[in-house]
Amino acid sequence: MRGTSKCYEYNEPWNRRSTASLAVPPLDPGGSTKYYEGNNPRDSKIDLKAPAATANVLLFEVLDFRGFLNLDLWKFAVLECVASMMNTFLTSWVALHPPSALASPQTELGIYHTSTFFSPLFTGLTMTFLVPLLIYTLAPSSGGHINPTLTMATFFARMITFPQMVLYIVGQTFGGALGGFAINTAYGSRDFTVGGCSVNTSVVSVKDALAIEFMGCLILIYVAFGVALDPRQGRLFSHAASPWFIGIILGLVTWASAFTREGYSGASLNPARCFGSYVASTFPSYHWIHWFGPFAAALVHAVIYYLSPAWVDPRTQSS
Amino acid sequence: MRGTSKCYEYNEPWNRRSTASLAVPPLDPGGSTKYYEGNNPRDSKIDLKAPAATANVLLFEVLDFRGFLNLDLWKFAVLECVASMMNTFLTSWVALHPPSALASPQTELGIYHTSTFFSPLFTGLTMTFLVPLLIYTLAPSSGGHINPTLTMATFFARMITFPQMVLYIVGQTFGGALGGFAINTAYGSRDFTVGGCSVNTSVVSVKDALAIEFMGCLILIYVAFGVALDPRQGRLFSHAASPWFIGIILGLVTWASAFTREGYSGASLNPARCFGSYVASTFPSYHWIHWFGPFAAALVHAVIYYLSPAWVDPRTQSS
Amino acid sequence: MRGTSKCYEYNEPWNRRSTASLAVPPLDPGGSTKYYEGNNPRDSKIDLKAPAATANVLLFEVLDFRGFLNLDLWKFAVLECVASMMNTFLTSWVALHPPSALASPQTELGIYHTSTFFSPLFTGLTMTFLVPLLIYTLAPSSGGHINPTLTMATFFARMITFPQMVLYIVGQTFGGALGGFAINTAYGSRDFTVGGCSVNTSVVSVKDALAIEFMGCLILIYVAFGVALDPRQGRLFSHAASPWFIGIILGLVTWASAFTREGYSGASLNPARCFGSYVASTFPSYHWIHWFGPFAAALVHAVIYYLSPAWVDPRTQSS
Amino acid sequence: MRGTSKCYEYNEPWNRRSTASLAVPPLDPGGSTKYYEGNNPRDSKIDLKAPAATANVLLFEVLDFRGFLNLDLWKFAVLECVASMMNTFLTSWVALHPPSALASPQTELGIYHTSTFFSPLFTGLTMTFLVPLLIYTLAPSSGGHINPTLTMATFFARMITFPQMVLYIVGQTFGGALGGFAINTAYGSRDFTVGGCSVNTSVVSVKDALAIEFMGCLILIYVAFGVALDPRQGRLFSHAASPWFIGIILGLVTWASAFTREGYSGASLNPARCFGSYVASTFPSYHWIHWFGPFAAALVHAVIYYLSPAWVDPRTQSS
């Protein structure tokens, strides 16, 4: 029947669009605006084979390497690269210090009156305001991940395919490096550290830093799925609010994890940002924790995600 | 008549969903999203026996121990555990001090220029921003209690069953302990105290601390019911605002109770958080006040709740 | 067919109005309010020749010099001039310093306790609150650019014609000069510098300053298109929010770029503002970077804009 | 025809209400609330003669002195007087200083750590929050001008008649004086200055102060028309937002103009407030600039207003 199929077409792009975008645009009744379905562009071969597959990519689809031939995915990766470049430049620039800048407390105000406290506060505020605006800009096309942590998490939740993950992360990391080159030019020196990407390993062991990085990424991913990515969530708020909530949790964890322990400047949450800031200065031996922390958090989150009682396989439901 | 029964069915799931969730999702006319009814999952035996019982669980239902066989309740408890772990980690990390850190005022600005004032302020702000985002994430499934204080209060208000209360509190406390282990790893030492969970018993008597804990929990529960839990409340604001009001009252009481008296670092309001922070450091002799305070406040609130002139037994109403 | 043409007429004025305005008014069903189509007034010759051309001006139209004869464009330029005068006056006045005012850090708080940090913070806040209100005022007529950076960016994205760009930029620059004369009168001296327009070339090389200026303008343009200018964007938020997002990104970049490097007072983002402040004080040798930075950023953005997979030529679509 | 006249009656009160009110109440379909048409009460003789004249008063109407016999205008003037008294008292009380209180900077924080900076900041915040609430209260009756600057601007834009302007300004100034008497009683001394109304003429020439006063009033009027008064503006935001925007621009200009130049405490923007504060202390020789600045700004704005291409004479349109 015509009415039914029309209804089907109505819901279909919505679900598909919502799967890996950090902000879902409202339905457009007039239909004049053309949206791209974040992860499964309509004209891709993957999609045509299984039109009913929506929120979750089937296992064999995940490993379908033909996605590397999809021009749209490459374009999305370029957009992620540009946004990651801008994000890395501004949030690293505002957190940039000469290596000796972090001071020990000398007054009764303790740590709260030193740059050790204020630097991550201002970095967190910069993220809180910059990231939502970048997500708004990218959400209708690439989905606005910007951050490899979120790209990994959507992959392990089977929302995007392996080629898409690889292209996005390469784009984001390359964008971070471009931002790093810009910082290098703008600062005129390589002798600095960036808040969130600096661990004084003589005071803080790498294992400790990894624990904080893991917990921070888990909180970020859990909230990002709860307020934006999970298509099964009943939204309590306007879609326009989701990017701001992600900005808040990013800024909050960046700030709250940064000043408690001497020698540790806070969780990174974004490996591309630290990669870029190391391109601008020098690579430390502990850079792997900024990649392994998000990776482990994305894996653990995927387990929680499938255990969640709200989960219903959309294919089971529609059959 | 058909119209009447349709209207009845329309209101029914709404009431049941709202009873123990800290944020009520809007009704979903299309019906594509599947929500769980926070406390009485549709397929539980309790529910099938008395489908009209909604906001309040009957007395014999409260003690029906078959709820322990309900798989959904176990899954909800796991989600509460995960959220409690993240909440305990971040809010304890930001409030963590070496035991000697709290300073006496030395300038004319008095207490307002010491870490004794700023530490609970920043802890309160962290709660204000973190807790609402976690509630958004959990509200459609477990209801987003996160905190044993609120779980106890919903039990005494006959909104959830005894098995649900036990499973939730065990989950929240275990999550607190997991968060404590993460703090332990990340800080690399057991020699610290956490704001809101530390009482200097040589200066402040345990009885005094219990009085503040009780008053703080009562304020929290009263406001949480007023803005989110009580199904009889006429809401003046969008449902999306409720979690933020709970975050604000949590942060406000945490901060406002913390700096007035020397040797007392503020009301806990969340026994699972203190339990976790003691796992990370050491258990003090006065830990019982963080459990007895919320328990007494939940009992007293239940009396206020049933005395409230707005209360109407839903079964009386429908008969 | 009737349905199609009706749909076409519905979209037409909307698209044309949205092309170069920083805030699109909602459609007015009653029709009592008369709006002007920002860039292509209905009665202009350009428009009558190609009524289907909407979001993008055709290449030969861009260079149609008859736009200089359009009285409305001149009136719009006068409005841009007035707004630029007020914007330049207030945001420069609040950022005005005697040349020696920027202090080096002397306490453990480092840069965060000096006027070097607070001055751009307050300048950024002034922009965040002033610019959206000016955009609201101008959006229904000239589009509310106020800033040559955004006018250049809309030109390179083929949203406005060459004559419109020239008239706007001349108006904005002349308005900046008028604001500069007012500052000159109000301050009673030419011996000062203005934050965002001052580079100590003995410490910071001009190339470094250009790098920051370019990155800042790119971020501004990218976000301005993402949240307001790009007609292909699916808006996630109310149109009323766009001007505030532009205010936020302006204030954020102004502040975040200003205090990291000694001798550099932050990105300008608005060449007309610096032009005006130099009229009030003296022109430095490096003023060209405040024009070349936005120019290069607008060019680079135009390339990203046309690469974006969301781009569909509206003429191709409607044929 | 009936349909046409119904449509006419629908639009008519809307336009008339919007002409000189700083917040337009939403249309009330039920009709239970009774609003007054700001400037031309329905039962006045002026109105009955020319029912089609709405947004703009005809030239001979402007000078019709029979308005002085209109009882409603007198009632509105009393309301303006009461609001002006409250506004003057609170915003002057918060800005009140002993003459020696404004300090020179002594630390590296410069001006930002002195009462010279904080006093106008808190005054501006008080205005930002107080004025919108007063406008909400008065908008349905007198229009909520409160401030002679806005009354002058609406007169020169031909929105109100000469008698209305005179009655309003007399009421506002008398209210300012009443507020001044209250300050005098509450402070117990005449030996103080009020921020925004004090110029140290030994340091700042009166001509310089007039330049800032003029620019500040022009910004205020321009934005007030853009966001609230101009009936031709396409509103982008809820009507509830207009008073807040006016509060923001008032607070912003008050604060931003106040601390840059030593000896000048900021633009007044409201001659009635300064008049009241001089009643409470003593009248200086330069009080005329607080009246001439707004007068000149209102005149210049009227020219811009009629040049604006959006302007269409409503009588031409309806004929």
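We just call them A, B, C and D in the order they show up, numbering each chain from 1.
To be clear about the criterion, a contact is a pair of C-beta atoms (placed from the backbone, for glycine too) under 8 Å apart; a residue touches a chain by one contact, two chains touch by 3 or more.
If you want to know which protein each chain is, UniProt gives these names: A, B, C, D = Putative aquaporin.
From a predicted model like this one, the values you see are computed outputs, not experimental measurements.
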{"item": "Shortest path length from subunit A to subunit D (each step joins two touching chains)", "value": "2"}
Pieces of the assembly without subunit A, by contact: B | C, D
{"item": "Rotational angle, Cα trace of subunit B fitted to subunit D, multiple of 5°", "value": "145"}
{"item": "Copies subunit C and subunit D touch via same or different residues, half shared test", "value": "different"}
{"item": "Length of the line joining the C-alpha centres of subunit B and subunit C, rounded to whole Å", "value": "47"}
{"item": "Geometric centre distance via CA averages, subunit B-subunit A, whole Å", "value": "29"}
{"item": "Where subunit A touches two or more other chains at once, by residue number", "value": "238"}
{"item": "Graph class of chain-chain contacts, one of line, ring, star, complete, other", "value": "line"}
{"item": "Chain-chain contacts as defined at top", "value": "A-B, A-C, C-D"}
{"item": "Residues of subunit D touching subunit C in the complex", "value": "11, 14-15, 108-112, 204-205, 207-209, 211-212, 214-215, 218-219, 222-223, 225-227, 232-238, 241, 245, 248-249, 252-253, 256-257, 260-261, 304, 307-310, 312"}
{"item": "Residues of subunit B touching subunit A in the complex", "value": "23-26, 28, 30, 32-36, 71-72, 75-76, 78-79, 82-83, 86, 89-90, 93-94, 96, 101, 103-107, 113-115, 118-119, 122, 126, 129-130, 133-134, 136-141, 182, 185-188, 238-240, 243"}
